[in-house]
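Have a look at the structure below, then the notes.
Note that the chains are named A, B, C, D, E and F in the order they appear, and that numbering of residues resets to 1 at the start of each chain.
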């Protein structure tokens, strides 16, 4: 059950409206690394997790992300506030309004025309938010790793947004939001390592024939590159020459046992759609490649 | 530059056609945790990374994932092979064909009718693959964490698919694919920790006022849950009472400085669309809630 | 700013696990008429609305919808709980597990395999939630109407779900959720009619030549159908014969003034891609319609 | 069955090509509030409605919306006509063409490069049209409300587009289209109230314990806001203190009855993935937070 | 401008309701090869084409496809008609209704619950229609080829649907629709070859060094396969050994000229995120792979 | 099974960074006509095709398209390289960085902020790639036509990109890629016509009553347009007057046989939701159209 307080978790002081900057901020409102994705990622995990400590943590952080969604939404709304009245009340001449919406340094026309200078759940390209961004799969050893990665990505996008504005109030609020992603990542890391063991994720062990082999499949650029990710005693290094072979030592073919009726139907299909390699048919491209193609009636 | 060999990286021996099982396998062909997502995640990172070792590793693994895509695709095609001929050649009576496509234990009708019993890039629900599944953002300290998490998720989905089939050839091939996800996760872990430092991700440091605070925002279920993710000397624990306040000690309000013209336009808009709290207007719901609504002409 | 309490807004008592029913319930979790759509519709409006009463109402209801999302999520999780352990721990034989996931009356395989028997933000077909479902455009005379309609739709989908289950605990919780949609619709109706005037929506008046005309464009089924939507003194009724003419009395053509250079480029393009109506060219279809097509070398 | 006349329903006279403006117009061609969404919303309702009067009206208006789609499409094509020839025929120097496509006041590059200066079914951000925009659910008391809201939204978007251009021919055609949305809204209103009763929508009544309660869940901003949407004799007003409790007076917990085998599997899963609250594990973040992390071989 | 007649272009006589079959029919209503895609593909081309004959043909066929959309929609609605009343009026017991909606041979639950047994613009998997299905790019030598291919695909899907039903009225109507795709393909073929020349499509000629080379990049399965697509005097056949080299004879590297400042920034980035190949760092996977990982405080 | 060589199939020499041009190039990386769509179109066909020659060709070309994807990806990365370091290292002042990312001639902000100046699988509008772009349906007589059309479209988009840049290295690489589309189209044409017959596609013949009729449904623009697509002995031309009638000579109605219970439920539904044509109800629009609407308490 949720409750709300109209005070924001962090005070937002915007110096001056800037619809172009508002548009960039949408990345963290309705973008793939934004706060709705974060809130819903943790909320869906919280709902189905039975571990009391983890469930509590997931609800704590999901709830905080909703408050972050609210902060970034208000930044967007404040940055759009100058444009909102002009558009709704028609206080600018048509040409001026057009230029202010489509001008240089400003890709905000979608937000203005379609969303009325509000805060829509789209990214800075205007692409609608989709739960395809959420990678929850219902296993904590996988989901916590997903959360760690998601916090890292969100931290980076905030870092980039901070680099793009010199409005001190916006920078300050973004700095708070960025920092909280660091704190959340730390919590998720602790929660992951509180499951012992947590690697490999899930329950089934790997096949020891293949779990420490590195297949070198990309050649070129002078020598092969080696590092701890493919060398040392924990790895067996298979060169491209070796790796470009079936790993099981078999034929590398795919097969299935068909019933007689199935085999016969497949055979008929094959014959009906066979490509005849022994002809050189005249084609549409040849008909179309000059103006003197044989006429049907010719 | 790529080259191809028609032998698969792992031999696929399917016992008997089963379109319902084929449909489940699509999760790892065109699903969010599937092989195309993996291949494209690493390929896009490889293309833009300048570190020679990491670039090599990313191309190696991206290339292998394409070969995995081919394996899982062939499993799908083999499992569908019985249905393919029957559908294309019409060798079954209509009713029988309908039942075989829509019957219990079989949600394969989309694959059959729309995709001709092939291997389409959709998940087991028929949802088209989208690059929204790919979370590459172009920073290695974030992207490698994303890769680690993605391998963990893919491992889990393979584990679930293995649990669902008793076809030994399918289980064997899935076991290979599952194991390779473990090996890849190990490589990505090594590559991440070969960047020193790699935490916090990116370049900007966090704000020390907020990077070690845990906001307890979800109450209930007896006592608050504590663990390494929110207790100990590395954390400051803020209770819900405290946390439900602006973190900066400010008013928690959002503000922006408007020009006079902007402020006036906003004011006009506010007045025009004001909701009057002092009336009790008759509404559409009231008009519609009984059959004796006042008539326009009444 | 949000806070959370782990008690649900309504107690959920599920009689027995039923993954097929869980799957249907997803309509109101991650479906177009579901609770996330409701919460985000009102939340985005609340963030950008400046009218204090309306803003308060929108936050109140948005917050409640988040609590509804949590209720329906827990219904899903409870209905899936039997399957969750079996899948994760492999406590059933493969064939049995396969049948339980894909069997009749059960389209839950996506939820099981991909989402680990959790509560994903997808509808009952497995289609990911998208903010394209949200129709907020940033004007209260339009948005409140959208909210009224959205509550009506959500009420109907709950009504259908109630008709589909005989689990008394599920029916009771769904009944609560359905009823709250009625209450919300009533609030939104009051808020709409508290704006005076609210019709036509927005600021610009309509053109009196066209705002009371009804164009009868579909003929057939004996006589034309008339009713208050197209008859009476408030309407001018244009028959199909009349309506199938340009409404402005003009030519019904589209034109633009081009510069000479633009006109010349268009002319060149037209000539280059002109279709010659005076030939009867031999086509690819004709080449392909028999086995004796003229050969390129023939 | 449909027939077509090449004259438009309203004559389109564009003064001068303007690809940037063409791009904005796409909102009403392939955008969420645009004419295809309108036509298909009413068409799908018409196809399944059995009430003769309503079915006739829905076909009438669906047919008119197709004609509107054609008008707005021709506006787009006329505005793009200057660019079309230049692009296809290469009549401008490369740099000039690049600037004309990507320059200030012009976000038309997608339309030009991908769609050849035609009229694609995308919105002004280039987002493809999706039937997720259509909210038809097959009940007239809900669908007519959706139609009313949709017409209100479309009217607003036309109003904004009119504010953005000073081309008199474009303004005139947009004014016609905007006005017709008003007329359609009036028809849908009449049709809704011709169903008696129409509130609550659908068939099942609400639960009288909950259908007139207003839960005040958002506090702050001085006093609570009251108005006809939450005060008066028709409402019971529950304060946040009260509202932040299970509405049914129960425990607010979710429960399900599991079989012994199900319970045991869940128990096993819980144990295997338990988070240990009593340890303080070293984490990946700690490994990565400095350059002196313990080495595997160290 | 469009007009409508309520008679269908082809009389639809359905023997008996069958929601499962209705669901399959959705492929041609809201699926990628369905009638909306066809109508909109040709309509968008018609709107922007200036050639009078082609424009007329495109409008003729677009208009007919709308009538086909109406036919297939009515087939869906008739097949769903039995379920519609039962669901809306609750005339079946809950369990019975649940079974009738989710039972074997019937994946129609989405259509029923979400769309009220109507005809929604989704495919048979419930995936919403998207204009991403439309491949119009605004050049007739490309678009007509797209149309030819689209008609071929639609013909095949109708063929498959015919094979699946034994309802004579449904088969008859589907047979009409399938046949019309053949007729349309013939028209588009004629229109394509009426442009002389039409190959290569567009205006720019190909580079003669590369336009007749066939790169054999996939080896295996005994001998290389040859046929008219890669052999004969019109082809130069490059073996895998040759083809796996840069086609331009260059280094196959990518390069760009950077300013000093740009080069320095890239250098800094490279150093900051360098992976150190000379260490063997302890990783998160190693921490997590056993229960005795070093403790932070240890 | 795939292998990789880090040399590109064509050497890429970019003169100078240009993020705006990089953004346009994304059309062929992650756009609908781009190289991933091509590679996956042919790869999915190759996996399921049993004809050895066609399968070999499809794998050859799919593999080459992956190499093209790599080329266009490297063009994007090189064009973005100047921006990448500046963004990641913060070497520009905030305002300058903002302007360089959002300035005129540059719609690259999404690529910069969200994707870190990499090569994401989106088109130039930032729309994520989707497999909805792939039209493979598993029949070679349809799929080869789809391939021919796809190559034609891709050729055109390359042609447009070439027209937009004066960077000689970019033009040269694009010229190679464009030319290869021509070569691929020629191969697919040969492969199509090597199937005899290949028209009509699929197996079922058309109905001779309807396969040569042309329905003229769009009137206007002086005389009807005639050409080989609708005139000559191979066509029967039906005028609009004739065509606007049911083609089967029937009533043009849709019907279904319902059981008594089904008919009764439908009847009840019709009565409950009937629109009463004989009233003129007061509506919400009327309530809202002035400020003096009757009050509920009035």
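Quick note on the criterion: a contact is a pair of C-beta atoms (placed from the backbone, for glycine too) under 8 Å apart; a residue touches a chain by one contact, two chains touch by 3 or more.
Everything numeric in this text was worked out from a predicted model, so none of it was measured.
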A correct list of chains touching both chain A and chain F reads B, C, D, E
Ordered by label, the neighbours common to chain A and chain D are B, C, E, F
So chain B and chain C are the same sequence; what rotation in degrees superposes their CA atoms, nearest 5? 120
Can you check how far apart chain D and chain F are, centre to centre, with Cα atoms defining each centre and the answer in Å? 22
Cα centroid separation, chain D vs chain E, in Å, comes to 23
Junction residues of chain B, two or more chains touched: 1-9, 32-33, 53, 55-56, 59-60, 63, 67, 74, 77, 84, 88-90, 104, 107, 114, 116, 122, 125-128, 130, 132, 137, 139, 141, 148, 156-157, 185-186, 190-196, 199-200, 203, 217-218, 221, 225-228, 243-246, 252, 266, 269, 272, 275-277, 279-287, 293
Complex contact set, residues of chain E against chain B: 20-21, 23-24, 27, 31-33, 104-107, 123-127, 156-157, 160-161, 163-166, 217-221, 240, 243-246, 252, 266, 269-270, 272-277, 279-286
Parts of chain A lying in touch with chain D, wherever the complex brings them together: 1-7, 50-51, 53-54, 87, 90, 93-95, 97-99, 101-104, 107, 109-110, 112-114, 116, 122, 125-128, 139-141, 148, 185-186, 189-196, 203
Spell out the part of chain B that touches chain F in their complex, as residue ranges. 1-9, 30, 36, 40, 43-45, 47-48, 55-56, 59-60, 62-63, 66-67, 69-70, 73-74, 77, 80, 84, 88-90, 114-122, 128-132, 134, 136-139, 203, 279-284, 286-287, 293-298
Going by the contact rule at the top, pick out the chain C residues touching chain D in the complex. 5-17, 32-33, 52-53, 55-57, 59-60, 62-64, 67, 74-75, 77-79, 81-82, 84-86, 88-89, 91, 130, 132-133, 135, 137, 139, 141-142, 145-146, 148-150, 152-153, 155-157, 159, 162, 172, 175-176, 178-180, 182-183, 185-188, 190-191, 193-194, 199-204, 206-207, 209-218, 221, 224-230, 234, 243-248, 250-259, 261-269, 272
Complex interface listing, chain F residues touching chain C: 141, 192-193, 195-200, 225-228, 232, 275-281, 284-291, 293
